[in-house]
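The same chain A turns up in both complexes below, where it pairs with chain B and then with chain C.
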Partner chain A sequence: MNTNVTPFVFPSKIGAGTRAMAHLPYDLSGFGAVRPMVVCLESVDTDGELNPLEDAFRGSGLTFGVYAMEATPTMETVREAWTHYHEGGFDAVIAVGGAVVMDVAKCLAVAGANTPDLLREMLNTGGTVSKTVPFAWVPTLDAMCGDSAPQACLGGKQINGEALVPNLIAIDPRMLSSRDPYTMAEAGLGALATALCLYEEGEIHGLIRPYVQLSVRQVMAGLLPLMGPQKTPSKGALRWFPKEKGREEEVAYVTAMAVAGALEPLAKKSLTFSLANALAPLSRVSTEVLAGVLLPWLLNHVHEQKERELSSMLMALGDMEHLCATPDPQRTGAALALLQEKINRIWLGTGARLPRTLKKAGIPRERLLECSQGVAEAIEGWHAHEIEALLLTAYEGRRVHPEMLKNGFMQEVV
Partner chain B sequence: MHNPGYYDFFCGVKTVASHQALACIPNLLRELGASKPMIIADKGVVAAGLVAIVEEALSPAMPAMAVEDDVPVDSDVTTVHRIAKAYHGKGCDALIAVGGGSVMDTAKGVNIMVSEEAENLLDFSGTGVLKRPLKPLVAVPTTAGTGSEVTLVAVINDPSINRKLLFSSPFLLPDIAILDPRMTLTLPPHLTAATGMDAMTHAIEAYTCLGKNPMSDAFAMEAISLISKHLLPVVNQPDDKEGRLALAVAANLAGIAFSNSMVGMVHTLGHSVGGVCHVPHGTCMSILLPYGLEYNMHKSGPWTGELLLPIAGEAIYAATPRELRAEKTVAWLREFNEGLYKATEGRHSRCFKEVTTRDGSPAVPREALGDIAKTALGDGSIFYNPEELDFEDALMVMEAAWEGLPLDMDFVKTA
Partner chain C sequence: MGHFRGVSSGSRVMQRRYIAFMLWFVGRAIVAASKADKDVKQEFEAFPDGFTFSLGSLPSGPRMVIQKKAPGKVRYLGQGKGEAIDLNLTIKHLQAFFMILSFQESTATANARARLFVDGGVPEACAVVRVMDIVQVYLLPKVIAKLAVKRYPVWSWRRHILGRSVVYLRTVTGI
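On to the complex of A and B.
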């Protein structure tokens, strides 16, 4: 067992399924909150998408206010939200949505427990947050796996801290209707990469393995049936919710986003995400997509060149029958093949809009060397030539001969 | 098949699991703003040298301000009040619980008292009474185990009315759980077996009860896999540190699983046997587990069948037809118990007639089975059992578990 001394915690309470939001008033009152402010995009408010939340609060004795934000927030957005929060006597924050909405809501939760000026200072210094007001998240299908992670970004700056993890996450099917397949694919790849990149070092710590397996399985159970024209509900997801209530796949998918957020602090230390973050400024796609492009190649390299055992990955990607049918020596290969197959299906579901190579992602080939050198300095156990060879593989989308990797031989692959 | 429609999941405990996990305590407490911890333990833990290991890990960065080691086998209100007073007297600002379930519950009770500055613990019994975070609490389990380092309940006896009180709140969860294999290295083989089967039962009941959900399932399955792989080897080789750590992690995961899904009739009957005949909880669990699965098989058989893979391995799983996997799981658990019986030279009991008191007399007289069955019907965990249980059913199961014979499935009611 991997026994690196790393504390692990995922402090959110997740409620998932039919009328999940109905539990919010009671759960918030457990934190002493009676008057939350909802933060959402303007369109969510004007399109009546908050009606189910109103239903949930009706009869609870609690009321909530709404701050409808613009889609490109700045510090001034948070300051304005805080003014409403403070003057309105609110005592908790509920984020409805994902991505930028979560960032603003988290920042508001920090400002609400401190002051906007302290928030600004933290953002400027990359500070660690230790205190927020009670904070709930009602995800929509815009959710990304970083939304439940202990971080928030605003205006290109970032703050960190466990206090930024939502106290409550209410995954309610009524909030999971409208979706954009590409956004979901992007987020799904991000969640897959966040979970599976932890196999870079070989066996995953027992404490973390359930979160990894859960993230991967829920992404697969939720995302793939939602992509493309043919929606085949997965048996696993249907087991939990009555069919007539609907949206089992959506609930599974968003649950994966929430759980993957717990793994994000570990994932960002991985080579996969170190490379994805380094390449993102050079690319037309997001870090999450780049991580999805890199992951299969990297894991394959780790298995073949560094001889790391990845057989337990099959438990996350496959089902019991698959695991039984695959002899131990074949499991890593089977898992890697399954991973590539899943990614290919996601690609298909977006109508081939996702890149599957770094080349298609718009990364200039000549920038790979500098990227590999930069990352090699930051990551232990990897040489620059190794990383460069990996990047070249991911650039071209086909395997580089092992001899080329060993010798650090970088020539144009024909 | 049961369909929950909605489920929730929570485990807010920061957990460190490694061979030197204890060394993390000072920094983690400092992050919580604490620097003057009180250690709560029992005499057995002290005698085993475990508190000394913890104290060594704390010092010189953060020496313990006080050590309270007079915690009884069953946590009680008098002890909690006494320790809370000592906490204030020594100027402490955090608690470190080193021990099993009783020590953990005592520490949770003390935490209520000192955080709420209360006069009487009884004012806080029940669910949802606490409204704010408590003082920092570090849980260092010395068995693997009850999983009480990740549960949000405490059961504390009120000797004035001889009744066990339940305290339940998310705020009772420890802030930190430290899983360090040094804490279980000296656990004798028969106790390792019993506590390991306690954890196994938590995980299996979490996977097969009506409250199961995708999240608790993931934790339960991992726990079952780890226990199946490591328990017997550790019983045979007690100084296997990797195995001890794996079992500690397994017990932790099993605790998370059942905290988020509940349990079933194995706990219903086991609590009753413990209450009426004072048999240790782990012993009750290991004896009753196959019977609970047998009794529920017509309802939860498919789920039980899925457990054959982690319990017996893929070869057995693949070779067993789907419709026979549940029976095979039960058979394997009985064989597992048999293996533990042999490895502990008979100290791990396979049935209740084998369980003895310290003076060698039977701990569960046959005449007590009726009382046990009657008492069981008042236990809350029965609500999550896949099949209903009445007095006749409970008595039938107890009689079979007493004799050590499989259930006669012709007599199991299929409501």
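On to the complex of A and C.
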């Protein structure tokens, strides 16, 4: 067993299920907050998608403000929100949505506890945040796995700190209606890669394993059913009896996004994401998709070339039945096969819009060597020729043996 | 740039009135059952004299307060008159309370979903929940009572018919 110190923090309280938002007034009062400010996109406010949140607060005795922001925020957006926050006497922030909304809300939570000038300074210096006002998140289906991570980005700059993790996450089915299958597939691949890339080093620490398993299972339980055709709303009398139970997949998917954020600080240090981040500027797809493309090849390589034991991955990808039915020597192979199957299903669900290889992702082949050398310098335990072989394999989707590259030649073995 | 608006919380008038009426009726029914039903009598015998419990909703929702004054003497104190409360069962919001009292969720399910919290002893809270379950079985038809309680009890027909009649009579008349 690995007895090294492994820091892992996930301080959020997650409430998921029917009427989860109704708990927010009580939970916020536990932080001493009685007047929260909601941050959302303008389209969310004008389309009436905030009605369930307003309904959840009705009768609670709390008044709140709504700041509906533009889709491309800047520091001035945060400053404007902070002006309303400060003048209105608000004492907490609730973010409704994901991606840019979370970034602005996190920055507002920092500015609320300090000042906008301090926030600007932190953004310029890449500082670490130690204090925010109470901060809640109500995710929608636009959520990405980095939303609950301890970081925020604004205008190309980033701040970090555990204080940026939401104190409360309320996953309410009433907020999970409109969806874009491609965006969800992208985010789902990102969450899958965030969780499973931690197996690169072999066995995962016992503290982290439940989060990895939860994240993987919830992504698969939620994402694949949702990538089918969207159900049309009921008509006539049936519209008065909405089927909230049918939202279990949405809740599972968003829960996976929330939990995967806790794993992101660890995933960022992995080879999968180091490569994905290095390749993202060269590609037409996002870091999350690139990580999803690289992951199966990398785990195969780790198992075959570095002989790392990945049998515990079967528990995350399958279930107890899979584990018991598969003999120990075959578990790694079964896990890798299951992973490939699941990624294939996600790919099919998007109508083959997602790339399967780095070539299809638009990455020039001649940049792979430069990328592998850069990443090899930053990551311990990997040589440049190994990474290059891996990238070539992921580029063409065919196996390349690292021995062929030791002399610096990019050759292929068919 | 974005735009800003304030939202006041408003109130849930009809839900509040429904909950207040149900608590009033159930409170009186608990007093009636404490005289008519042997299981409820037994539960109250385990409480010390002067034991007071309340069931209510945040933030300032309707509530009922019940007090055991002496052996065999249980009183319904309405919304409470400032007595010291030994056991406080609080539902976190009116919506959750409405779901419980409209039998969309049983008390046990609501507890599992963290919709209520207890300020006081857990054994006493369990006893109060058992009393409320018995009262709900008396007051409600089986179809609805099965939604409200964790497990519908097996009683004799005599208890169902005679006991129910006595509890209803005492609840309505207050004797």
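General remarks:
Definition applied: the second predicted complex is superposed on the first by the 386 of 414 C-alpha atoms of A that agree within 3 Å, B and C clash if a C-alpha of one lies under 4 Å from a C-alpha of the other, contacts with A are read in each partner's own complex, and residues count from 1 in each chain.
In the analysis below, a residue touches a chain if its C-beta (ideal position, glycine included) is under 8 Å from a C-beta of that chain, and two chains touch if they have at least 3 such contacts.
Note that the structure is predicted; figures quoted are calculated from it, not measured.
With both complexes superposed, B is the one of chain B and chain C in contact with more chain A residues.
In the superposition on chain A, contact of A:Gly333 is made with neither chain B nor chain C. In the overlay built on the shared chain, the residue A:Thr6 is in contact with chain B alone; chain C does not reach it. Once the two complexes are overlaid on the shared chain, A:Gly32 sits against chain B while remaining clear of chain C. By the touch criterion stated above, A:Gly17 is placed in contact with chain B and with chain C alike. In the superposition on chain A, contact of A:Gly397 is made with neither chain B nor chain C.
Contacts of A:Gly127 after superposition on the shared chain: neither chain B nor chain C is touched. In the superposition on chain A, A:Gly59 makes contact with chain C only, while chain B stays out of contact range. When both complexes are overlaid on chain A, the residue A:His84 reaches chain C alone and has no touch with chain B.
Residues common to the contacts of chain A with chain B and with chain C across the two structures: 15, 17-19, 23. In the complex of the two chains, the chain A residues touching chain C come out as 15, 17-19, 22-23, 25-26, 42, 45, 54, 56-70, 76-77, 80-81, 84, 88.
Across the interface of their complex, chain B is touched by residues 1, 3-20, 23, 30, 32, 205-207, 209-211, 213-214, 217-218, 236, 239-242, 245, 252, 255, 259, 320, 323-325 of chain A.
Across the complex, chain A is touched by residues 1, 3-21, 23-24, 28, 128, 131-132, 170, 176, 213-215, 218-219, 221-222, 226, 242, 245-246, 249-250, 252-253, 306, 309, 314, 317-318 of chain B.
Interface residues of chain C facing chain A in the complex, by the touch rule stated above, are 1-12, 15-16, 58-60, 92-96, 99, 113-115.
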